[in-house]
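Both of the next two complexes hold chain A, though its partner changes from chain B to chain C.
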Partner chain A sequence: MSDVKVQLVKTVKEFPGRRGEDAVRAVDSINLTIYDGEFFALLGPSGCGKTTTLRLIAGFEQPTSGDVIIDGEQMAGVPAFHRPVNTVFQDYALFPHMTVMQNVMFGLKMAGVDRREAERRAASALELVGLPNIRKRRPRELSGGQQQRVALARALVKKPSVLLLDEPLGALDLKLRRRMQIELKAMQAELGITFIFVTHDQEEAMTMANRIAVMDQGHILQIGRPDEIYETPRTRFVADFIGETNFLQGRLLHTEDRVGVVDIGDDVSIPAIMPERHAARAGDDVTVAIRPERIAIQGMDVPASADDSRVMVRGRVTEAYYIGTDTRYVVRVASASLTVRVQNTDYQRGMGFKPQQAVYVLWEKHNARLLVD
Partner chain B sequence: MADDVLTRHVSHEDDGRAVDRARMRRGLWMQRGGQASFNALSWAGFLFLWLPIFILIFYSFNDSRQLNEFRGFTLQWYQNIFDNVAGSNVQFSTGLMMQAFRNSLMVSLTATIIATIIGTMVALSLARGRFPGRRYIDSLLFLPVVIPEITQGVSLAMFFQLVFEFMRRVDGVAWNYGFTTIIIGHVAFNISYVAIVVRARLANMNPRLEEAAYDLGANGWQTFWRITFPQILPGVMAGALLAFTLSLDDYVVTFFNNGPGSTTLPIFVYGMLKTTVTPEINAISTLMLVLSAVIVVFSLVMQRNLMGHR
Partner chain C sequence: MVAGLKRALRKHNAFILSLPALFWLLVFFITPLLLVLVLSFMSRDITGRGTLPFTFEQYERVFTTFRPVFVSSINIALISTVVCLLIGYPLAFYIKTRRSDAVRNLALFLVILPFWTNFLVRTYAWRVILGQSGPVNTTLLSLGLVDEPVIFLNTQFAVIVGMVYTFLPFMVLPIYASVERFDFRQVEAARDLGANDWHTFWRVVLPQTMPGVVAGCILVFIPAIGAFITPDLLGGRDGFMIGNLITRQYKGTGNVPLGAAASMVLMGAVMLSLLVYIRFTARQER
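Presenting the complex of A and B:
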C-alpha cells in the first residue's frame, strides 16, 4: 500500500480524576496506521474517545504515553501550530470578530503568505466549497451549512497533509448532511488529502470512509474497510453497533478448519466461522451473529436443499411486518428468535408467510460468525 | 346505565374544563398583576436611584441660595465656581478646584491603566494557567470587593507607614504620602474589579477559538493578540471603565493615603461640604456627572464600533 501518513503507537491519554474519582483513560493504548490519501473514519458511541484521539493527532493534547507519528516524524513536543494537520471543529470555531474572508485568510497570514496571494488562495478555497459570494459576512450571519463550509475552506486553504474532521456534519439537518457527505467525499478524492473523520453515525462512516476504526471505551475494537467491518465483525459490540444483527447464544461443540459447530439448543447445531485468533474451545459458551438480510425463508412444501455451503434449519414464524421495501419476519428457531429481512421485489411479493407457519430458514454458511465478547 | 356513565363522564369533563378555565384566568391575572407590580417596582427603584440626582441638578440651576424656594433658572453657580466664588467658603478658589480636578484625572487614568493591565493578566492566568493554588487565588480575587473600603484605606496607610519607616532607616530618605500612594491604593482595589469582569468574559469565550488559531499556525503570542484579545476586549473596556469611575470618585482610600498637594476632587468637594451645601457644590457635582456620562457613552460607542456587529 501507499505511504504511512499518521501512526499512533500504544498511545494512551489519561485525564486526572476530579476529587477522588478515578482517572479517565479516554484513549487506552491505541495502535493505528493511516495511509496517504485515505478517507479514514473513527466511529464509536459518545464518550468513546474519538475527539481525544483527534486532539492527540492535532496536538491539542499530549499523550500520557505512547507515540504520535505524522509523516514519519515523532510529534512529541511539536506544538499544534507546527504540525502539518488542520482541523475542522465540531462547532466550527470560526473567529466571530472576523469576516468570512479574514477567517479563511488567517492561516495564510500566519504562514507569512503575502496579502495578494493570500486573497487569491482564500477566494479559490471559498469557491471550492461553493461559497464564492459571502466573503464580507461575519460567521454569525451564516447558516449552519455555510459555517461548516467556511470552516472547511479555512482548513483546506492551508493545504494540510492531513485534515482532521470532528463530526463536521453533526449540526446539519439530514438532507444537507447527505449532500455534504457526498461533496466531502468527492472533494477528498479530488484533493488527495488524507481525511481523518470522526463520527458516531455508522451510516455516515460507511458511506464516506475507505477504512473505519470502531472504538469503544478508549479502545479500538476493529479496523477495516466498511464491508469488512459489516460482513466480518470481530466482537459483539462491533456487530451490534454497525447495522442490525441476530445474536444466537450456544455452546461450542467442536471446531474444525476455523469453523465451529455450535449447539443452539433443541438438538439444533449450526456451523459458524471463527475469526482469527479466536480463543474459544469446545464446551465454551459462545455467541453467533447473522445479519437479518442474509437469511432466507422458505415454505415447508419446497424440498429441503441443505448442502455443504448452505445451512437450513426448521423454525416457526412468530411475527411478520410489511415495511415497504422489506418484509420483516421473526422466526423462532430452537430457543432463539431470528429476525429475517426479505426484500419485496416483483418476484417475491405475495409469498408472505403467516405467523405460526412452520418454515425453513436458510443461509450461506459464511454468514454465521462466532464473536469475541 | 351506559347513559349514566356517559353523562357523568361528560359532566366530569365539563367540570375539568371549567376548572381549567378558572385556573387559566387566575394565571392570566397573576401574570398581569405580576407584570404591573413588577413595572411599578422597577419604576420605584429607578426613582429611588435618580430622584436625588435630579434634585441636585435642578438646584444647581436654581436662582436662590435657599433650598426651600425656587426662583427661576440661573447659571450663576456655574459662573461662580469659575470666578473664585463659592458662597461663604473663603478658602475656595477656582485654581484649587481645577488643580484637584486635574489631580483626580491624573490619578484615575494612571490607576486605571495599571489596574487594567495587571487585572487582565491576572484574569488570563487564572482562566488559562495550571498552577497549584489557582482555585484559592481565584476566590481571593473577590476579597477587595467585599472587605470594607475603610479597612483597605487604613491597611494601605499602615503598610505605607511601615515602608516609609523602613526606607528612612535603611536609606535615610523621608518618603511621604502623595500621588504614588494614592495611585497604588487605587490600583490595589481596581485590579479585582477588572480581573472579575475580564474573567467573566473569558469564561464565556469558546476555548476552541484559540485552538483553531494554533491549528492554523498561529503561535501563542499571535493567538493572544489576534483572537483572545479581540474576544475579551469588551470585558477589558468594561473593566477599565468600572475602574476609572471607581477611582474618579473614590474618597475613603484616597483620604487615608493622600499627602500634601495631592488633593483629588472628591477630597476637595468634601472639604467644601464641611461648612454647608452650597449651590456651587451642586454645580460641581453636576459637571462631574456630565463628565462621567460622557465617558460612559463614549466607551459604549467605542465598544460597539470595535466589536462590529457582535
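Presenting the complex of A and C:
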C-alpha cells in the first residue's frame, strides 16, 4: 500500500489509579501502522482502550511512553490544535450556542480563513453531508442523525489529513446507522482522507473498514483485512468477538505440514489448520474453532462422502430452531456441542432434521482452525 | 346561578389564585413605593419631613450637589463587581474541576460558610484586620515593605474589600451553576478544530457560562450600589455612598424628600441597567 500516515510505536497510556486502586494501563504498548487513504477500524469491547488510542492520536492525551507519529513527524509536544487531524466525537460535542453554520465555520475561522471563503466552504461541506437547508438552526433543534452529520461536516471542512471517528453512529437507530455506514464509506472513498474509526460493533467494522485492529484490555490482538480477521482469527478472543464460532477442546495428537490432528474425545479426531508461529506440540490441550455456517448436516441415509479435503463426523441433533433465513441446529459430536447454521434455500413444512436424529456433520478441512489461547 | 359562578371561577382561575399574592404586593410593595415617589416631589419642613408644595428641587439637588456621591457609588459598586468576577470565575472553575467530590463539596461549603456568622460581626472583623495595628499592617511592617502603618480604614479601598468579601458568594454560586452545566468535551472539540487556549475561552467557554456571569454581576452590583452598612463601618467620609446619603436623610433631622428622590434615582438606575440586560440577552437568544 501507499505511504504511512499514522504510526504508534510501543505506545503506552497509563492513568493513575484513584485512591488505593492500581494504575490503569488503558493502552499497553501498541504498535500500529495506518496507511494513507485507509479506512481503518479499531474494534473491541467496552473499556478496551479504543477511545484512549484515538485521543492519543488526536493529542488530547500524551503517551506515558512510546511514540505517536503522523505524516512522519513525531507528535510529542504538539498540541491538539496543531495536529493535522480532526475528530468526530462520540456524542458530537457540537457547540450549543452556535448555529449549524457557525459550528461548521468555527474551524475555518480559527485557521484565519476569510469570512466569505469560510461561508462558501462550510456551505459545501453541509451539502456534502446532505444538510444544505438547516444552516440557521441550533444543535438542540436537530435530530440525532442531523447532529451526527453536522459533526461530520464540522470536521471535514478542515480538510484534515486524518479523520478520527469515535463511535459516530452509536446513537443512531439501526436503519439510519446502516445508511450512514454506506454513506460514510462512500464519502471516505471519494475524499481519499484516512479514516480511523472506533466501534465495538463487529458488523460495522466489517462493513466499512479496509483493515481492522481488534483490541482487548489495552492490547492489539490482531490486525488485518475483514476477511483475514474472520477467516483466520489467531486467538480465541478474536474468533469469539468477530462473528459466531464453535470452540472444540481437545488434545493435539500429532502435527504434519501445519495441520494438527486433535482428539476431541470419544475416539473422534479431527484435523485443524495451525496458524503461523503456533507453539503447541503433541500432547498439549488445544482449542479448535469452526464457524457455524461452514458446517453442513447430512442424514445417515445419504451415502457417506468423506475425502481428503472434507471432514465428516457422526453426531446427534439435540436442538433445532427455525429462524427464517436459516435453521440453527445444535449437534452433539463426541463430548462437544456444535452449532450449525443451514441456510433455508427452500422451505416445506416438516423438512429439516429433528432433535434426536442421528446425522453426519461435515466441513471443508481448512475451516477448522487451531487457536492461540 | 351556582353553575354560573363555578364557570366564572374556572374561567378566571389564574387570576383568583393569584389574588393573595397581588394583595401582598399591593400593600407591602406598591403602596410604599408610591408613597416614596410622592414624597420625592415634596418640600422639606423644619423637622426634615415632607410637606407641600410639590417641587423638583430634590431631584435637582440629587443631580447636582450629590452627583459626586452617585458617581463614586457607581464606581465602588462596579469595581467590587469586577473584582468579584475576577476572583469568582476562576474559583468556580477551580471548584468544579476538582476530581474528588469531597473536595468539591468542602470548597462550596467554605464559600457559603461566612453566611453563618452575623454580617455586622464580619464587617467589624474587617475593621480589626485592616486597622493600624491589625494583622495586615503588622505583616507589612515586619516584612519591611512599609515604614509606617498604612491607612486602610475609612477609604474606598476598605469599602471595596468589604463588599468583595460580602458579595463573593453571590458571584461564585451562579457561575458555578453554569460551569456545572458546561460540557468540558467542548474544550476538546474547540482545540481539535484549531482553537488555541485564548480562542477556546472567548468563543466556547465564556459564551456558554455567560448566564452565570450576568446573574452573578447583577446579584453583586445591585446590593453593592445600595449598600450602607459596609461603607458606614469601613468607608468613613472617603467611602460615603448613596446608601449612606439616603439613610442619613431619614434619620434624625435629615431631609426625607431628598432621601426619597435619591432612592427613586437609585432604583431608576438599577431598573434601567436590568432593562438593558434583558434586551441584550433577548437579542442573543434569537
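To be clear about the criterion, the second predicted complex is superposed on the first by the 368 of 373 C-alpha atoms of A that agree within 3 Å, B and C clash if a C-alpha of one lies under 4 Å from a C-alpha of the other, contacts with A are read in each partner's own complex, and residues count from 1 in each chain.
Basically, a residue touches a chain if its C-beta (ideal position, glycine included) is under 8 Å from a C-beta of that chain, and two chains touch if they have at least 3 such contacts.
All of these numbers come straight from a predicted model, not from anything done at the bench.
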When chain B and chain C are modelled together on chain A, clash or fit: clash
First (chain B), second (chain C), both or neither touched by A:Met110: both
Contacts of A:Phe247 with chain B and chain C, given as first, second, both or neither: neither
Partner chain in contact with A:Tyr35 - chain B first, chain C second, else both or neither: neither
Chain B versus chain C as contact partner of A:Arg138, first or second or both or neither: first
Contacts of A:Pro96 with chain B and chain C, given as first, second, both or neither: both
Intersection of chain A interface sets (partners chain B, chain C): 58-60, 79-82, 85-87, 89, 91, 93-97, 106-107, 110-111, 154-155, 158
Chain A residues within the chain B interface of the complex: 58-60, 79-82, 85-87, 89, 91, 93-97, 106-107, 110-111, 138, 140-141, 154-155, 158
Residues of chain B defined as touching chain A within the complex: 206, 208-209, 211-219, 222, 226-227, 230-231, 307-310
Chain C - residues contacting chain A, complex: 99, 183, 185-186, 188-196, 199, 203-204, 207-208
Sites on chain A touched by chain C in the complex: 18, 58-60, 79-82, 85-87, 89, 91, 93-97, 106-107, 110-111, 154-155, 158
